[in-house]
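Heads up, there are several structures right after this.
Paired with chain B in one complex and with chain C in the other, chain A is shared by the two complexes that follow.
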Partner chain A sequence: MNLVVCIKQVPAVAELEWDQRTGGLKRDLAQGMMNPACRNALEAALQLKADHGGAITVISMGPPQAEEILREALALGADWAVLLSDPTMAGADTLATSYTLAKAIKLVRRDFDLVLCGCYSSDSETAQVGPQLAEELMVAGVAYVETIEVLAPKIKGGRPTIRLSRQTDNFLETLELEPPGVLTVASSGFAPRHVDLSGIQPAFSSRDLIHLDAKKLGANPKLIGQNGSATRILKVYPSVIDKEGVVLKGAVKASVQDLFQLFGARLNGFVGQGYSPDD
Partner chain B sequence: MTESHGKGEVWVFGDYRNYFRNRVTLQLLARARDLAQGLGTKAGVLVFGSRMDEQVGDLAVESVAHGADKVYLIDNPALANYRVETYVNLIVRLAAEYRPAILLLGATRFGRELAPRVAKRLRTGLTADCLDLRLDEKGQLIQSAPAFGGNLVADIITPEDRPQMATVRPGAFQELPHDAQRRGEVVLLDLPDDLPRERVRLISAVRQPHRVEKLETARVVVCGGRGMGSKNKFKKLHDLARLMGGEVGATRPVVYAGWAGDETLVGQAGRQVKPQVLFSFGISGAIQHTAGIQEAELIIAVNKNPEAPMMKMADVAIVADAHQVCLALIKEIKTRLKARAV
Partner chain C sequence: MEMEFNACTKHKVVRNVVRDFAEAELRPIASDIDRAAHFPWEAIRKMGELSYFGLQAPAEYGGAGLDTISYCIVIEELSRVCAAVGLCVTVHNSVALYPILAFGTKEQKDRFLPDLCSGKRIGAFCLTEANAGSDAGGVETTAVKVKDGFLLNGTKIFVTNGGACGLALIFAVTDPASRSRGASVFIIESEREGFTVGEFEDLCGVRANPVCSLFIEDCLVPRENLLGQLGQGIRIGLTALDTGRMGIAAQALGLAQGAFEASVKYSRERQQFGRPISNFQTIQNYLADMETEIDAARLLLYRAAALKDAGVRFTAEAAKAKLFCAVLANKVTSLAVQIHGGYGYAKEYEVERYFRDAKVTEIYEGTNEVQRLVIARDILSRPV
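Showing the complex of A and B:
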């Protein structure tokens, strides 16, 4: 099977330090990592490749350092990597991003069977790029896939049928499609593997990674980056609600006792609610 | 029907599949009516399905009673199941014909798969998971959504393209009370006979049994984040919860790290909790998480960082190591229980 996995580098937000003065996150310290859901999508592709053969192309749009996650994907078992990087691609919303990724897929892997994406990115969580990619490529699309099964072709020599399952809004759905298709993979379905240490060195010297800028990609400058985006960000502000509550600090034991001193009336009713002496 | 008849309206996609559990369409209709009044236009709802006059005492009537001025109704056996390509096609046709100014969808799984495909086809902007929607002085839709992992909120506009599209999390707006006296117009439409074939075959759709919603109904919730330190330390939260008849919730990083199951995720993408007492251990307070705890009555937060958003929104902020405080609380409660038993 010809598999394409679209991956994104995101800041490792949970690791970020906070600024003592402002209480904000120090974004300049942000280490990049492969978006966790993209890891699940890559894992799904690796399993498909192991069971049914074929090759995996990973594609990422981002700044030059996004090469790191493509190298990591190669170390994990992807065959080729494509970095889409160009200053004119910056500031893309999902409309422009899906155009750009589709352009690359059509250029390097026109004969794909499945494109796999994580169901959302941890930094923007729109979950929109996968479904828009299906529209842009004009192929079947299914979001939040939990299991993927490849059924033997109905006609000898024909393309296999892909059977999928997913949970959507209180329904368990079983779906089928004939390739090509775009799937977004739910985070619960495919637990990612760890990088095999033996794979790392070849991955960093691998020549199987190509860089494409907007020109090499043959992208319409009006449809990429901020130019190709329909949305504009007016302003960004902290989401902090300051309630000016009670602050307790110092020794832990004293703080806990102060808590009961101040709010015992609201806590005591619950103390021992689920407790049995056997605990 | 002239083209100007629907031009500039505020539309809501009627996502009524789980009507009794998911009220997002009704919540959106309430805000759509406000926006429509601000723009001097009508609030419309798109209702597609089969035999809808028999459902929930007539979905068209129900939509009007909850704030819709107009109901665009397609009732056809071919629409008995939610099918994304068919629905994309129908919405795109209607939008091209009636030219609404705004199109809102609930952030159900179906809504979040449908909306981006419609936006792509219409070549317009779409903001995901909005927390608030309002108009500026020019009548543009300002869409507030979580940004950069949820520590920030972004105000987003779609300056040129129409309709302005947004998906909205259930719970962001309050539905209007059912008003049987309200009157609205029903635009009855036929199913087009040139719908494209669905590329994806639906083999089966099985309604899942109702999950016991322990977290949603718990009176005490103990939430933990990365600040708990490790999987083993995180487990102590269960001991604390058990001592108070409570349930344990988790943040996204904790679920990613495998310290807690997916089903315990609290926040925008997970459970919405409304306990009388919420304990928050080692949680910084990204908006994706805090969106799920807005209705907690008493919030007790523990974090080493007094400036963390979670600490700012707490009634009691304990500046200390989360795991240490968890252990101290367990000890304190056990001491109190022993004293009671005597």
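Showing the complex of A and C:
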């Protein structure tokens, strides 16, 4: 199976500060880590590779520091690592990011079977890159995948059919997909494995990172980075909880009477038609 | 040897990976295993599968083949969360596995290294006895040549990993007449007849490590289990300790780092006199000193590690690192308890464990006093 996993390096902090002036996250000072959901996506790919053979290419768009997570992915068992890095790629929203990733995938792994992504990133949490990537690549996309099964091809000699279950609200939906496709992996599936330390040295000595800048990618400068972003963060502010609660004190019956006095109009429809506190 | 002051990508990756593991697998159990003095077999088993027990051994034996700075980072990151486990890993790697790698025959390496690298056998190095601590010359365990090999008799105490070890390197006297060339090292598998694990020590700190006595009674060891040459014991011991000292320095560094981070976090949260205590200059001074000295300790340690990898003599540098890091760990952990105030003295918070764990780093694998001897000897041996 020809698998591609898109991974993102996010700040390794519990809460990241927003720069209120620019509307961006204050990423500079924070240590980086692989986005947790990306780990699940990578785990899914590793399991698919173990069960069905093939190769995994990991791709990340980011500053040079993103090399850290690519090497970690190699240590875990990925075969190839691609770093998309260029100052002009900075400030990209999810649209520009998906364009850039798609460009790389078309260049490096045109005949992929599946592209796997984490369902969302821990810093931006938009969950948009996966679906936008499917659009850019003009392939089927399924989000919040929990299980992946590889079935026999429908046509002899063709690609295997992929059966998926994915979360929707409170139930699991089962779908079948004919590759190629983009999947985003839910955090509930594919518990990520720990890195085996014996994978680290080979991740540095036996593989070169494929480094693609905007020029090598053949990317349209108007469609990458800040230029290619269709959305702009106008304002960032912490949410303030300013509701005042009402505390009803006293005996139960008196409290219930107060409750109906204050909120009777809103309660009737829920508690029951024509309910009265004397009942 | 060029000096690099900023961590290269590989070292950052090693640090991130081990930190993730330690936070996920060791943090939840560290307090409990300390309280109960329980060796965390399940976590150790997982670590065996992830190559923690063959950190610098070659891949052909199942090792991770990492450089010495990476090795120090692994021990530091483990100890930052659980010093007892960090201790287990460093002793196994430095003073049990490494001597076999450095002095073993091909047959011995083939026979012993795979099980050590996989963690199937945890290693221990047995030198200390009731009458032989800093004075290694006081060792009384004997190995007498007999028809089928050597017959060993003696009692080893304070054996780190002893209660869990599958393989022990025993330092024994083979030529009582000769003081310096009279000792040799023997490899004993724990299932061998005449090898018994004694009671676990009830220790102040690193309580989750199964430190114990080992009783060796008429233990017959084949000639193939002699490590290196007869009479090479001191040399093997000193070589093992050179590397071991860096591992202990890394353990102490991890303790200091963990206690320091807890102090920063606590000082931000704890409010007294209407503001976080991190607003007060005294606390800020403490934090500034802690971080500065931790930085210095780390560079001192990495310098020693880099020298080892460059194939250059590093004995004095390792001793300096061990001395400095051990003293620092005690200073920082004590200060950490102080910053936490009354809460720091309670087991509900982790810093009191760090405080207890730190003390032994000034004692084992060469006391502070012994390290100073080594450093002074180096100073005074230089040409005038």
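In this text, the second predicted complex is superposed on the first by the 216 of 279 C-alpha atoms of A that agree within 3 Å, B and C clash if a C-alpha of one lies under 4 Å from a C-alpha of the other, contacts with A are read in each partner's own complex, and residues count from 1 in each chain.
Going forward, a contact is a pair of C-beta atoms (placed from the backbone, for glycine too) under 8 Å apart; a residue touches a chain by one contact, two chains touch by 3 or more.
The structure presented is a predicted model; accordingly, all values stated were derived computationally and were not measured.
A.B. asks: Of the two partner chains, chain B (first) and chain C (second), which one does A:L177 touch, if any: first, second, both, or neither?
C.D. replies: Once the two structures are laid over each other on A, A:L177 reaches chain B alone.
A.B. asks: State whether A:S198 touches chain B only (first), chain C only (second), both chains, or neither.
C.D. replies: second
A.B. asks: Hey, is it chain B or chain C that touches more of chain A?
C.D. replies: Residues of chain A touched, chain B against chain C: more for B.
A.B. asks: Look at A:A55 in the shared chain and tell me whether it touches chain B only, chain C only, both, or neither; answer first, second, both or neither.
C.D. replies: Touch partners of A:A55: none, neither chain B nor chain C.
A.B. asks: Looking at the overlay, does A:V247 come into contact with chain B only (first), chain C only (second), both, or neither?
C.D. replies: So A:V247 only meets chain B here.
A.B. asks: Per the contact definition in the header, classify A:R71: touching chain B only (first), chain C only (second), both, or neither.
C.D. replies: After superposing on A, A:R71 lies in contact with chain C but is clear of chain B.
A.B. asks: Would you check which partner chain A:L95 touches, where first means chain B only, second means chain C only, and both and neither mean what they say?
C.D. replies: It touches chain B, and chain C stays clear.
A.B. asks: Touching chain B in one complex and chain C in the other: list those residues of chain A.
C.D. replies: Common interface on chain A, chain B vs chain C: nothing in common.
A.B. asks: For chain A, which residues are in contact with chain C within the complex?
C.D. replies: 12, 31, 33, 67-68, 71-72, 75, 194-198, 200-204
A.B. asks: What part of chain B is in contact with chain A in the complex they form?
C.D. replies: Result: residues 17-18, 21-22, 84, 88, 108-110, 112-113, 115-117, 119-121, 123-129, 142, 146-161, 199-208, 219-220, 226, 241-246, 252-253, 256, 262, 269, 276-277, 284-288, 290, 298-300, 305-309, 311-321, 324-325, 328-329, 332-333, 336-337, 340-341 of chain B touch chain A.
A.B. asks: Give every residue of chain A touching chain B within the complex, in rising order.
C.D. replies: Going through chain A, the ones touching chain B are 10-11, 13-14, 18-20, 22-25, 27, 36, 93-95, 98, 122-129, 131-132, 134-136, 139-144, 163, 167-177, 181, 187-188, 229-243, 245-249, 252-253, 255-257, 259-260, 262-263, 266-268, 270-275, 277, 279.
A.B. asks: Quick one: which bits of chain C touch chain A in the complex? Just the residue numbers, please.
C.D. replies: Counting only chain C, the residues touching chain A are 9-10, 12-14, 16-18, 20-21, 24-25, 46, 49-52, 54-55, 59, 62-66, 70, 74.
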